[in-house]
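Could you have a look at this structure, given as structure tokens, before my questions?
As written, the chain order gives the labels A, B, C and D, with residue 1 at the start of each chain.
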């Protein structure tokens, strides 16, 4: 019932729109519809070598379909790559809607309808078998995202999204046209690309178009505005799920349509094609700059937005390097990022829901007030900082290994230092929001929000112990592209350079924690209130004169050193581009004088050029 | 099977205990050396043991809640974990199960755990101290990872155990010209890692009342002292493993248990020496400001590391 | 311009030390004028309790780095109801001295918003620097009468 | 091992590792640098200056205490963790010293917090300070330095005296009793 799923989404979105006045019922309907991709995911699981019990697959979904729609045909087929990204989107989506059921208040029907359409588009994109289908669903997704961005009522966000969205669409369209022109087919499977500069330009355009969606620098400008001015459940899905579609497209076109030998025609650097190397360098730069910018933010949403950009830079590095190890790492990083960033955005939403504040410097001390939100966020932050007690580390490890395997001397340190930078902003979130002086007397977040967050935390914990399970589902993707899968067992990943045994780490950590616990429980302790704090002997009645929470301008020395270089850098660059475009179009306007004589001269010149070209050729 | 597991567990806990014992010794050693440089008598060399014992013998122990307690737990557990993943005197207990990247990230567990607890105390001094510590970490990690990456590419491995093995028979990385410079760069980074002067910015007792530790006392402080002392052992061992062949001088196959003993003694002498170098700098320097530290590491140290990278890059492709 | 040229009533006590006796209303003008003419350092504000005259004397000390000259502007206020206008708009640091004088002598400076507890927190008696406050008696009646901690 | 033995060992070790927080009021702080540096070197005994009362064992009060300062001293003292010891330094802490007739300095520190040891003199020489440290270590060893136990036991009396001083009035007692009744 593949086509029926699409109909269900369309009907579902109409129904929730009609149920605008009953947000609860609308939420239930939307969640019910949103579970369909999940069933599809389960039914298609054998494709990636997973055998799930048959009672889980309640509904049957075709693996391949061609559906006549008017003059054209919609061609859909599930591939391992599509399955992997569907796994990210289909698991996040219902939970995000669950969170939204208590978060979104006004015009809820519109919200759910747009969300369902977004998912419809993504579902189609992931299943598309040819470029036309891909483009149609891509545009459905993009425009329904615009509908959701419009709900934020922020001019900057809307304008930047529109501008970069159209740029992305334009680049994709041009790229598709070039590919069609050179190969004569729309089907991904039948395209045989010749290594000509034109095809390379086409592929570059397509990759650039996807880079906009993946918020790769310098095409990221829309992301911080959109992320920081839209509703949190949507942003969680946008950052967690939808931004991955850009990277899905990149992998599809760089390794499915084009191949490594195709890129290698133009030379390689340490076994990596120059094209991929450039992408990896851009990715590394994005990871570093995104991290530095995230460190400087005070708005929680902006911080998370820049952190998203930075973390997705790693995915781009992996795709750029393009060895089996790197691709596995990129996919793993995409998976981790989906879950931890969704949790973090949802936790930020929960904090906002209770306190009504976004600024980190105005929050504080919520760890004791909202312990479950805090713990979920803590896990996500550990994953974000890739501490080896969550699955976050395995992905980064694979990427580092891949970079070292290729002998990348200059990209790897940037990746590593961006990883260290992640500790800085991770701690800024922890301290500014959850630790420090308690400033808000609030309750724990509602149950629906907690459930959504904690289910999203689950994969981080599971794949910590069994990173091999992720490698199991990425192996078919690599095999499809003719690559050797990474050697692994459920908990040991082995590369040419070293091995990583998660069980050893976890057991050793449990052991040492146990030792520490013995040491620690040896003596009883007394819990004192927050007021009993050493401030050079200042008695608590004078605390009103002292700011106990040091979260505003937290990394001020850092900003003193780096602020000038990074702040506003990208936007200023685009402003220059804009000024250039304006200058050029002003120049172009001068040609259109409105005089018949001038136009006849132009036509004459045109013919002269044509004749000259014909003569010389 | 069961006996093997028990054996392994005993070995590992013995290793952790050894690490703590050496760490506590280093505390007294450091104070004694500093005192002698200051022309003082200084405390007895076993002072570290007394201090830790006293802290755990305190009658009241004040906590600020369960997040505060995580600091003590995670700092001790995390640093012990990092120690287990290091090859010590050629003995690699768990070091084949992970690699250098894992160790670099394992070192973040105690740091972040500690930061978590310090932040939970709600003291502004602690927050400022943590800010400085994290920024210092960002500062010294850049030259450190640059040199480490250069070594990884040069030796074509990321595993520290393999690296130590490749340096056996005195083929120390220190004797390779480019990594001699690398060792100097990393030694400077080590000064920041150990938080000795001029990089004791995060603690700075005279400015921000010992920074992150401001609210810790009694057993909590005892746990943190254990962490700091063990961190000395871990960080110096990392240096010794990277550049000085991990202290392996005799091969175990040839000499049997004597080799273990000798290697162990050599390892101990080497880490003491590395720490001693840091102490010499510590004893005579005042303190940097945090911007100065950041600029020092990112300008001079990282620039030197960049030259090293270029050298290695040229060397590899020839 | 030096203080003596500015104010004819100024007396020279000795080299580099000038004293101007004036009234409550004029002190603001004098301070302003001195500030404009190189006497840019406000040193301090002091107070003397002339208990027999029934007056407080407030002395504003100014210093000029240019002329190396110390100018003391002295005014007298009524002891029973001591009030004075706050001059914190001329030199902001006067605020602190006014707080001190208020606490130690009970002079009320109109226009100073921070006349609260300063050094003595919650002092219930008459201001301690007044000459009719007997410190020795207070110490004997208070500090020495606080009981020792009895151990059973 | 019996509890007594354990206590004995713990005292034996604790006395060799005394960490100190200085409460530097008045002129007494001037005498501390020689004690800490190479001439007298108190680190010989494992003594160390600490930054916060949470970490410290000894509270060293060097000089006179105004009532406002006393508030801070009490706060600092209560933030220290048991066992904790107080050393009163100089005559000011014993009887007010040269401030015997000041309306604003307390005369006898032991009325407000329990003092284990006084160092007489104005100023005490560093030798006297070293001697006091040795004496304190001896007292700890013998179990005589029990100021922190006294503070727990007679908490009401100490608090009453403190409140009297903070209010500059003897009749505060009534209010205190009412507070306690609540």
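Keep this in mind: a residue touches a chain if its C-beta (ideal position, glycine included) is under 8 Å from a C-beta of that chain, and two chains touch if they have at least 3 such contacts.
Predicted, not measured: the structure shown is a model, and the values here were computed from it.
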Innermost chain, where centres are averages of C-alpha coordinates: B
Maximum centroid distance from chain D, chain identifier (CA atoms): A
Distance between the centres, which are taken as Cα means, of chain B and chain A, whole angstrom: 35
Centroid distance [mean C-alpha coordinates] between chain C and chain A, Å: 67
Whole-Å separation of chain centres (CA-atom averages), chain A against chain D: 59
Touching two or more other chains - residues of chain D: 52, 54, 71, 79
Multi-partner residues of chain A (each touching 2 or more other chains): 532, 534, 536
Residues of chain C whose C-beta touches two or more other chains: none
Interchain contacts (touch definition) - all pairs: A-B, A-D, B-D, C-D
Chain D-touching residues of chain C, taken from the complex the two chains share: 119-125, 128, 133, 135-136, 138-139, 141-151
For the chain B and chain A complex, residues of the former touching the latter: 9, 12-13, 16, 56, 58, 60-65, 67, 69, 72-74, 76-78, 80-81, 84-85, 94, 96-102, 104-106, 108-109, 111-112, 115-116, 119-125, 127-128, 130-131, 134-135, 137-138, 141-142, 145-146, 149-150, 152-153, 156-159, 162, 209, 214-215, 218-220, 223, 226, 289-291, 294-295, 298, 309, 312-313, 316
Of chain D, residues touching chain B in the complex: 10, 13-14, 16-17, 37-38, 41, 43-46, 49-52, 54-55, 57, 79-83
List of chain A residues in touch with chain D within their complex: 532, 534, 536-539
Residue numbers on chain A that touch chain B, as the complex places them: 365, 367-368, 374, 378, 382, 385-389, 393, 396-397, 400-401, 404, 407-410, 412-413, 416-417, 419-421, 423-424, 426-427, 430-431, 435-438, 497-501, 504-505, 508-509, 511-513, 515-517, 519-520, 522-528, 530, 532-536, 546-551, 554-555, 557-558, 560-561
